[in-house]
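Before anything else, here is the set of structures, which you'll find just below.
Okay, so chain A shows up in both of these, paired with chain B first and chain C after.
== the complex of A and B ==
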């Protein structure tokens, strides 16, 4: 998306902390990618991506943090893992995409607001009910995304076929509390992590808004 | 005793040491000269050199010591490079360890005794295993050099992979036309004994005097009578047998001669498919054979040969693309291997040189080549480059455009490795002159689709230079399958007592300076059994191996290593434990006149491993140059603490 017109100064542009963070969080050896393109060849979303998968890997290899975290591809990735399956170097490419999406979110990037809004709505629904409540989720997402009628046409047939329920099906027994405990644990760990790498790790420059 | 120590700056006072010095490069010519001069001027009895690993330079220094008039075993080497300098940066502790090593060497040397090598006769014959182009070249070179050659080939004919190829790169000359005359030479050479359809069962002995047992598998045809007329092939009713010479793209008969230029041109029956063996019926070949050569009762035969040296030239096999599910895993008939395509291109092949789709026999107009199938791919445990696929793919793409001028040829590649003479120019010609479309990227998926001209294959890949996904509707897909070690290579390596790598390729003794030797003296390597190689490299290595064998066997006698086990007969109680434990069969029990038994070492067979020495319950066996007293002297030197020695 930001093809440099002038020569890219690789030494200046490289962010070694970013490279180390991606390698650590994904557990992948990023230098073993030799840019064969098999991830891109197998990816169902390549036509919709701004950077094809192998170029996302290239951005990480060169440590070009800004370009990697602001790209749309990491938000559109469906984590189908075709890239991971095809990679001749055994790199879990989908995991790298996932890690980049987390980092982008923490750094305040959301070039695909719809994806972020949906994810947020989905998690909010699970947090509240212990399990997703489809009608509630659809309603919240419709309002937040600013397109209130986008899925309305589907709603009625699904209701009449018994595919949707107007009331939430909360898990039986202790289920809801257990799910709540997962959310609580995540918040606790996230807070600890934020404290641990507080200076360089989450700059959160806020220019794109959002964030956690 | 007067000992000289040539060592780095950490020289210290040790018992009997009358001289210590340091050199910048002790192995250099002046360095060795200084050692010789010092021995003479100070009348030394022995020398310790503290330097690098003895693996490379022990021989060098032993020769220097010998030139100065000492026995070559009055020399010890302390390895203060690999064992000290290369493994730690701690200067103080490095110095301590280096000093320990030198002190151990000095103490050992004080107990050394002069040893003398014995000489033994050598067999001026060589065993060559595998008769592809490398084995053929090595056999002809050795035979021309005056050696008798036993050439063993497990298939029915010699020729190997090269005999299956249509053309060779970068000259595009006919493969079997250049190989054929060499094959004929092998068949006719008076010094070459060719054993086709045979495998090495067992190798024993040692350099100069190997004994090899070879299993001559039964062909069920008496080859002394068979004339290769082919009458049996025409009449054989089993016609659905996989034709391995044609890589399975066509069928053959149960009794067969693999190809017209086969050497030896003799028929053989495959008992796994022959009706006579599977159903107990038939017998047509026996009836029609004009030479009465068919013998259904023929048995395998074991022949024993004595040879002085061995050359392993067992070649390679190809990656099995059925492991690649994304390319159909062998389910799509129009996805074929490069070697199958090669057979199709060959004028003497099953399609007489016409390119036909296996599914419907039509001529393909769009042919896609995929490089690196089973090469440079860690996910299938084949991380290495197969060396020659870039080149044969360029050749096959050129031939495609040559055979079908209105066709399109696409090559998916990652990098092009065209480093040989004329290779880069050849690949450029494919692109510029023959308009082969090269696409930089891998292919993720092939799936069947319906096109205007019937059933086609959709090839979905990436063009990384464009940064996009690409699709090609192909009529035929050719997979450039990579090289693997020959089937059964590790088992053969174990018979030959040579090392092999994780992928079954045989290990050379030194990757740069001893590329055709192995770590077993007298066993040499030629061709792709060592690593994937193209024809010029295989032939070059074969001639190199032949040169090594000719040099080795140019001597009438070889010297045996005196560092072997010695039995003190007075102590031996004849229990026989040593005989049972010896891995080389180098110990036999000798009966004395009173009927009691004593162990005896066969000096030329003993490898000096020392297992018998530690097995002997009465310590009657000592390993020369590594006796108990020598080893204990080293241990004692080591166990004295640093402070004791510095203060003393």
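== the complex of A and C ==
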């Protein structure tokens, strides 16, 4: 049931640019983490992590980019904010996890493909409709994740309790077009960044696929 | 703000996507309770998705732009305060307004020497970002603007005898610096509302533990484990219902109950049948609002049996108390007849 914890590989090359980038993008003073483990103690997802959250912080402190960006933990963090709330040094740990996720996406990692598919399908639904179309999202996810029947049993209770909305509730005005434009600009900026920082690599941005 | 609303309790209202679909009853009951308590809600014109969790896991400026668009829509309509029932929307909207406030419009250097948040958000929005508007939860409006005393005095059908576990979820109060509401470890706002409704609120230890959030789709196993824990704890507290304030928590504990029960069963645990109403549905009932306006029929696990059981228990308790009082009176009459003691009130042991 539990995911085995990965050993820390201290022989990896230290990457000071990585440390600096995480500090800059998260706005956090990473050196003030003294590894008390309070974040891990309160994390509901520790049993599913390959590195407990305090060790993810240690990976960043040590500049172990490869281990930090390839780990599952950053994809399984639900941003419940228990770590951020309880850090005695006021580090916004959940924001650091977020920033690592952003970097992992850009670098092309996806050790939890289902989570990435869900996020991409969600944002594709927003880009297309201006709002999340829940039923459409569920259908797209079911197909793309390769688990088409997992939630099939929810259809009947949703239907009988009037929760199955088969058409999207789109914004009444210009909102839909404005949201699509936000995504289009974001995709352009992300593509520029990807070209500038790592030539040859494909950008990992939010909007994938055509949606439902 | 140019056009000040005449009712001081007029706020912009951001329903959020879930509230147009799987959580329509949260929207409906929030609107009904606010109307009954004198809070006027004006929908954010042409509102769009706040970005929720998926946006911020991809990019902070994308998340900022999606949320800021809605704050801007509210601001342009003359509102500085936006209220929303959904904690995910709340977190997205407050995160955006918080960082926009940190990054001044004067293009000042941001503290972290990273890209200027406001400038990046405006680049995606392609227009000026909002300057003042921020969001508060419907729960906060009800407890702080309306007030628990006012709620208590408006209750016409108290939920006496109903034992409830108040479950706040992760982000209604966390992180405290961002949310600025209630206690992050032991919130009590919903407790106080439910007590004002006459319900018996138990000391639920998992008030802010995570239910598995949006992992119901991508990692069902995680959601099952975490939600099962919440149900087990609520059952051990002997409650009739778990009361929630978040559409995702509600979905995991109610619509996905079969999946959670199946997991519990595979671990040798027990099935749980307790309903999971929104706090606004119970508040609406206590305020005497018509059930049809509260969306009770949308709960997968019906609330009716819990209400009936609570009423029966309460009737039994009243009957027992009356019987005890009658017996005591009879005894007192007996002793008075003997001429011993004349005190009306015998001190309790």
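The rule we apply is simple: the second predicted complex is superposed on the first by the 178 of 212 C-alpha atoms of A that agree within 3 Å, B and C clash if a C-alpha of one lies under 4 Å from a C-alpha of the other, contacts with A are read in each partner's own complex, and residues count from 1 in each chain.
The rule we apply is simple: a residue touches a chain if its C-beta (ideal position, glycine included) is under 8 Å from a C-beta of that chain, and two chains touch if they have at least 3 such contacts.
Since we're looking at a predicted model, the values are computed, not measured.
Under the clash rule set out above, the superposition-derived model of chain A with chain B and chain C shows the two partners fitting side by side.
When the two structures are aligned on the shared chain, A:25 is found in touch with chain C, with no touch to chain B. Partner contacting the larger number of chain A residues, of chain B and chain C: C. Of the two partner chains, chain C is the only one touched by A:48; chain B is not. In the superposed model, A:15 makes contact with neither chain B nor chain C. When the two structures are aligned on the shared chain, A:89 is found in touch with chain B, with no touch to chain C. In the superposition on chain A, A:38 makes contact with chain B only, not with chain C. Superposition on the common chain places the nearest Cα atoms of chain B and chain C 5 Å from each other.
When the two complexes are superposed on chain A, the residues of chain A that touch both chain B and chain C are 47, 82. Put simply, chain A touches chain C in their complex at residues 23-27, 44-45, 47-48, 76, 78-82, 84-85, 92, 94, 98, 101-102, 105, 112, 114-115, 117-119, 122-123, 126, 130-135, 138, 141, 145, 150-151, 153-154, 157-158, 161-163, 165, 169, 171-176, 178-179, 181-183, 185-186, 189-190, 205-206. Residues of chain B that touch chain A in their complex: 326, 372, 376-380, 414, 440-445, 460-464, 467-470. The part of chain A that touches chain B in the complex is made up of residues 32, 34-43, 46-47, 51-52, 54-55, 82, 86-90. On the chain C side of its complex with chain A, the touching residues are 17-18, 20-22, 24, 45-49, 51-62, 65-66, 69, 73, 111-114, 123-126, 170-171, 174-176, 184-185, 208-210, 212-220, 222, 225-226, 255-256, 258-259, 297-300.
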